[in-house]
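We just call them A, B, C, D, E and F in the order they show up, numbering each chain from 1.
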Amino acid sequence: MFYHKKPLQYYKRPEKPDAVYAKKIQELIGGTFGEMTVMMQYLFQGWNCRGPAKYRDMLLDVGTEEIGHIEMLATMIAHLLDKAPVSMQEDGFKDAVVGAVMGGNSPRDAIASSMNPQHAIVSGLGALPSDSVGYPWNGRYIVASGNLLADFRSNLHAESQGRLQAVRMYEMSDDAGVKDTLSFMIARDTMHQNLWLAAIEDLESSGMETTPVPSSFPQELEKSQFAYQFWNHSEGSESSQGRWAKGKSMDGKGEFEYVANPQPLGPEIVPPQPEPKLHGTSMK
Amino acid sequence: MFYHKKPLQYYKRPEKPDAVYAKKIQELIGGTFGEMTVMMQYLFQGWNCRGPAKYRDMLLDVGTEEIGHIEMLATMIAHLLDKAPVSMQEDGFKDAVVGAVMGGNSPRDAIASSMNPQHAIVSGLGALPSDSVGYPWNGRYIVASGNLLADFRSNLHAESQGRLQAVRMYEMSDDAGVKDTLSFMIARDTMHQNLWLAAIEDLESSGMETTPVPSSFPQELEKSQFAYQFWNHSEGSESSQGRWAKGKSMDGKGEFEYVANPQPLGPEIVPPQPEPKLHGTSMK
Amino acid sequence: MFYHKKPLQYYKRPEKPDAVYAKKIQELIGGTFGEMTVMMQYLFQGWNCRGPAKYRDMLLDVGTEEIGHIEMLATMIAHLLDKAPVSMQEDGFKDAVVGAVMGGNSPRDAIASSMNPQHAIVSGLGALPSDSVGYPWNGRYIVASGNLLADFRSNLHAESQGRLQAVRMYEMSDDAGVKDTLSFMIARDTMHQNLWLAAIEDLESSGMETTPVPSSFPQELEKSQFAYQFWNHSEGSESSQGRWAKGKSMDGKGEFEYVANPQPLGPEIVPPQPEPKLHGTSMK
Amino acid sequence: MFYHKKPLQYYKRPEKPDAVYAKKIQELIGGTFGEMTVMMQYLFQGWNCRGPAKYRDMLLDVGTEEIGHIEMLATMIAHLLDKAPVSMQEDGFKDAVVGAVMGGNSPRDAIASSMNPQHAIVSGLGALPSDSVGYPWNGRYIVASGNLLADFRSNLHAESQGRLQAVRMYEMSDDAGVKDTLSFMIARDTMHQNLWLAAIEDLESSGMETTPVPSSFPQELEKSQFAYQFWNHSEGSESSQGRWAKGKSMDGKGEFEYVANPQPLGPEIVPPQPEPKLHGTSMK
Amino acid sequence: MFYHKKPLQYYKRPEKPDAVYAKKIQELIGGTFGEMTVMMQYLFQGWNCRGPAKYRDMLLDVGTEEIGHIEMLATMIAHLLDKAPVSMQEDGFKDAVVGAVMGGNSPRDAIASSMNPQHAIVSGLGALPSDSVGYPWNGRYIVASGNLLADFRSNLHAESQGRLQAVRMYEMSDDAGVKDTLSFMIARDTMHQNLWLAAIEDLESSGMETTPVPSSFPQELEKSQFAYQFWNHSEGSESSQGRWAKGKSMDGKGEFEYVANPQPLGPEIVPPQPEPKLHGTSMK
Amino acid sequence: MFYHKKPLQYYKRPEKPDAVYAKKIQELIGGTFGEMTVMMQYLFQGWNCRGPAKYRDMLLDVGTEEIGHIEMLATMIAHLLDKAPVSMQEDGFKDAVVGAVMGGNSPRDAIASSMNPQHAIVSGLGALPSDSVGYPWNGRYIVASGNLLADFRSNLHAESQGRLQAVRMYEMSDDAGVKDTLSFMIARDTMHQNLWLAAIEDLESSGMETTPVPSSFPQELEKSQFAYQFWNHSEGSESSQGRWAKGKSMDGKGEFEYVANPQPLGPEIVPPQPEPKLHGTSMK
């Protein structure tokens, strides 16, 4: 069960409105790696967790924190959209020169043209559960598999892409308020990258899970002769120069091998015959 | 530019048809972590790569291999769907007892009822670019950010969830042909988990990227006092027992701290006034 | 900022597993009118609210409660999926008679065939952010317009469809545990229908908003001669028999009129000429 | 069965082209609350209606009218897109100053940059079945539940959000033709809000349906002690000041109660054990 | 503007209910090539048509007919869902043997398990705007490009896939009522395939459009040396045996040529340098 | 199994960056008729093909070529995005006049405002698997039905819409590099339109398939009296003037007939009674 406190976890108000920046920063709310993703991913992983209590509790703690991050960004977007130029004819901004052909183009009009139209039409200058091109967040963005090593790696990936995007938004702003709030969120992303790296170490050092995921599957059941080969599917061999092409494998269970000129091991395809009632084209 | 050879990379034909299993194994083609995802993710990362040539070449090699994995699974699905019971009235399977109310229920009817209907109606017993519930693959499943550490972590996550799902499909089958083909694909997933771990080590040991991603962002710009704190957003403290709650942080740049009773640092929200032309409800 | 308490708001454990029912009840989590919808809709409305504080606070209170409803249903689904028949060959259930053609059909197999495959392959017997056919929840399901009368009507609609669906799930179960938990959730839906009716009355009686939404738009700007007419677009006149066809209009500002044989008021379409550079077909 | 007459229900041609406004007004065709939604929602409700003939006939009448509203807006968009600046190099608009770095920025170029690209590339200056950010209309936008009170409330909500959006588009234009056509559509929305309020009264006064929806479900089966409580999930009690917090409930069947400090009534979660074949992480 | 007549264009009632068949035949309403697609595609093409009036009128005539096809199928689905086994415990169907583990499996239960759950929970035994796996129809299924030859080919393709699917549904039924209604719809599909072939001939014989679409683009602007070559991207040369590999090209403007061993004509990729503010990985 | 060669099939580098054009040309990668569509459609058709080997081989050849077309466009987009103005404050472009209200509007800012934000935030100036409005490619865009005549018509339609869009992009550019690369792709589209026309002739002349698709369905099973009628669903008779309204039908099996005033042939709808457990509204 959940509770709310009215103050925000952290917040500095933007110095000035910027409707175009508001459009862009929607990526951090409703994008693939936005706050809706990490919130939902951690909560569902917590609810689905059947491992030790410390992992479940930790997942739900972080997931609960992330709800508040959506709240911070939604507030920021409302402030960024304040006084947005929702109509073109206002304030004498109309450029008389441009005339009948194209309908005007003052600076204010340009903003009205390139802001997210749904910020005016749908949400009345509030945040949307969408990304920076207006595409809605959806449930396929998250994963909660029940295997904690797989899931912690998913979380590490989400926080890596997420911090990268937050940093890019930081670089794209010159508003001290926006930058201050983002510098808090970026710090939390730093923690969360460290958190998932620590959780992976915690899980692996306990002997519960290891590489390859899922480690409870007996590796003798896989075709182990192909389990440590790099196949070079192209001409040239630049790809032979990396750590993945030679030496001990990362899981310590094999030796990397570089297959320079790989050939098919399987047969040509012999398709089954078509079912007459489905009226596909047959061999004749 | 790409080329095709007709034989499959590897393949054993299923011993017998199984239309319901065909529905399920679509997850490995068109699901969030299916072969379409890894193929497209690695190819786009290769095309977007602006780092050293060995990374670009390696990404395109692996992406090219994955096209062939779709081919293997598409072939398997065609064989699994062979002789699928597409119509209910055939072969005298109709259970006369069941009668007028509900339309029959023989074993063959039960399969006809629970297979993916689009395998009959849309694809004529061929594979679909969809997952196990018929939802189509889409481009939001992949990421190619230009930051290789972020992307390699994404690849590691995809191969971890992917191998977990392939193993689950292996466990859910008792068909020696299916299991043989899957045991090849699981072995390749083992390689690919090792590959991305190796690529991460390669990248980090070269000093190009490190934690936190993106490491080129100066950490003095983030609010560093919050960069290593775990906030306990719940009653109870099971979450204090993990590696993430105390000790040196994983990036070696801080010390984990457990905040047992976190309080908001921000203000209550003061919303901006509504824009009259948008007819939202105001304070009055 | 948000907090979590570990006990559930309310819960009775299902008496027995039922993987098919688990598939269906996903509708109440991730369907159009599931708990993810009401949670997100009320939170975004609260964050976007620029009206009196009591409305904002109320919206965030109810939104926060709904997070806990997802938690209850996710827990129920995990219990319903316990011991689900994830593989067909186990436990001697294989029906030897059925043989090579179709791969078996015992009762247990039938369940394995008709459960949501992603409950096994993707989530490892945990809840998914999807509906009863596996389609993911998405952000277009919610609205937060900034106009509170419009939004309260949206909330009333969501709770009406939502309670209807919860009742249908109640009728479709004979598990005392499931029914007990649902009877709590149905009671909360009763409250929430009453809540939004009360909020509408509260808002209208304060004079802030009224019919037609948005009431701040001057009605003299609309073509008022058409504002109270019912147009009968079919042969026959059954549609003349309702309250909407005659008498005082519901907003008290007009008189309903039944137009039995409506005719177009506009011109035939004169399309503009095609742009040559876009190579559309012209009049010639 | 359906018929078409060539003249439009109503129409005034826009005074001048405006490609950016054309992008925005797509919201009224293919947005969540656009004409495609109300058309499809009313038609499916009519086809699914099993109640009295007057409701079915009325639903199909209004649904049929709405097809013509798409037609009006599609025509308006074609006129707004007339002479749109689809290419940047035409007509000497190129700003020579801007030069090699960024590719030009005249007023006409700015419009070419911020119009919906698919209006040029895909539809050749015609309307699209999409909203103002180019996201396609989809079937999850509509509901036809078979319960008429639930559905009429859904229709009231759609017409409320829909009229709000039409009014916002009216405010965002200064084109007399556009405003004239919209003032007709806004008047029809006024009628339709009144229509659904009247249909609700009609249905309730007949005793067929009432609050809470569905009223045919015996309320003694719900946990009635929680059916009229408002739970305050936050610190502070602004939410106690509304009509929903005290007094007779709106359905006349209970008394509102304000629970200032709500506590969980359920147990802590005890997750089931993982299924070994699915390789989730267990308690150890 | 549109009108409705209450009788259906054509209809025979199904002899008996069949909830599983109802699930499948949703493909013909809301699938990629269902009636919602052809209705919307023809109407939007009509509204976007800037060519001769006979084409516009014809497009709108056929589009209007298709609305009535949705109506027929929606009616059929309601009849097929009549008396569907929406709950498992009814009618003594519970198989006592199956017991606690899995929750029952009678014939009636099997139907309850494999019908579309939303037919019970969401639509109350009515049709849905979705396909046979429950995926909603969406606007990206249609095209209206303004180029009539491109669009007529799109229509021919839609009617070809559509008739194929209708025929498959016909084969999958043994219900005389269903088959009778489908035999009407299949006949209309025959007409519509002929219609689009005739419209293509009409358009080409008038000299308005021809191959390659768009024919108004001067072919000297394309790299004509590659305009009639077949590139063999594989080992082996089965693909040389078709009409496409030699002889006069279909547009009469070139000669087919078979390139047995095609080589890249372009350079290796030289990626641009990363933008420092976006923190991608650089060459070092 | 697939292989890669590093050089591109064909390529000329754009003369200068143009971030807005990069947004638009995404349509050719991830749009409904982009290269991802034709690649996936031809590969899946090849894998699902059960007809003669020459068709399978040809389909896989063309599908393999199309992978390389994505590669060309992805490279072009990277070059177009080079030096894109990702942040507003750089290079002294800030227009001091515009001031506090709206955040600046220099030419460079205008580009920053109207480029695809995800090109900066998500992909770090690389290509995305999305269309020109940022909507992701998805698997519902393709079809592989097993009936080759249906599928070749689908391919012809895809190449017709595809070439039309490529030509429109050509017209919208004045960059010699872009135009050169596009002129190669347009030539390949010319070939592919000819290819599918040739494949249709090849298939029809062999007697394997003909109109109406699927020709293996006995036409005496359809209601043949309606198989060649054009129904005029509107007032006026412009639609009688086309080839489709009179004369021999295109399949040579019937005579076109124009039904000027079509009437319904079916009954009025008699809906089934509602199921009480689903709580729909009944007749009373």
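Basically, a contact is a pair of C-beta atoms (placed from the backbone, for glycine too) under 8 Å apart; a residue touches a chain by one contact, two chains touch by 3 or more.
Going by UniProt, the chains are A, B, C, D, E, F = Manganese catalase.
What you see is a predicted model, and the numbers here were worked out from it, not measured in a lab.
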Neighbouring chains common to chain B (Manganese catalase) and chain F (Manganese catalase), by label: A, C, D, E
- line: Neighbours of chain C (Manganese catalase) that also touch chain B (Manganese catalase) are A, D, E, F
Statement: Relative to chain E (Manganese catalase), largest Cα-centroid distance belongs to chain A
Task: Tell me whether chain E (Manganese catalase) and chain F (Manganese catalase), two copies of the same sequence, contact each other through the same residue numbers or different ones, using over half shared as the line for same.
output: same
- request: Considering only mean CA positions as chain centres, point out the chain farthest from chain D (Manganese catalase).
  value: B
Message: Using mean CA coordinates as chain centres, what's the gap between chain D (Manganese catalase) and chain E (Manganese catalase) in Å?
response: 26
Rounded Å distance between chain C (Manganese catalase) and chain D (Manganese catalase), as computed from the means of their C-alpha atoms: 13
- prompt: Residues of chain C (Manganese catalase) touching 2+ other chains?
  reply: 1-9, 32, 47-48, 55-57, 60-61, 64-65, 71, 75, 78, 83, 86-87, 110, 113-114, 120, 122, 124-125, 130, 133-136, 138, 140, 143, 145-147, 149, 164, 167-168, 171-172, 214, 217, 233-234, 236, 264, 266, 269, 271-274, 277-280
Message: If every chain is a node and each touching pair gets an edge, what shape is that graph: line, ring, star, complete or other?
response: complete
Field: Touching residues (chain side chain D (Manganese catalase), partner chain E (Manganese catalase)) in the complex
entry: 1-9, 30, 36, 40, 43-44, 47-48, 57, 60-61, 64-65, 67-68, 70-71, 74-75, 78, 122-130, 136-140, 142-147
- line: Within their complex, chain A (Manganese catalase) touches chain B (Manganese catalase) through residues 5-11, 32-33, 53-58, 60-62, 64-65, 72, 75, 78-79, 81-84, 86-87, 120, 124-125, 135, 138, 140-141, 143, 145, 147, 149-150, 153-154, 156-157, 160-161, 163-164, 167, 170, 183-184, 186-191, 193-195, 197-199, 201-202, 205, 211-214, 217, 219, 221-234, 236-244, 249-251, 254, 256, 264-269, 271-275, 277-280
Message: With touch defined as at the start, can you tell me which chain F (Manganese catalase) residues reach chain A (Manganese catalase) in the complex?
response: 1-6, 47-52, 55-56, 86-89, 95, 98, 100-105, 110, 112-114, 116-118, 120-122, 124, 130, 133-136, 145-149, 203, 206, 208-209, 214, 216-217
Query: Can you list the chain D (Manganese catalase) residues touching chain B (Manganese catalase) in their complex?
result: 164, 167-168, 171-172, 277-279
Message: Which stretch or stretches of chain C (Manganese catalase) touch chain E (Manganese catalase) in the complex?
response: 16-21, 23-24, 27, 31-32, 83, 85, 107-108, 110-111, 113-114, 131-135, 165, 168-169, 171-174, 233-236, 264, 266, 269, 271-274, 276, 278-284
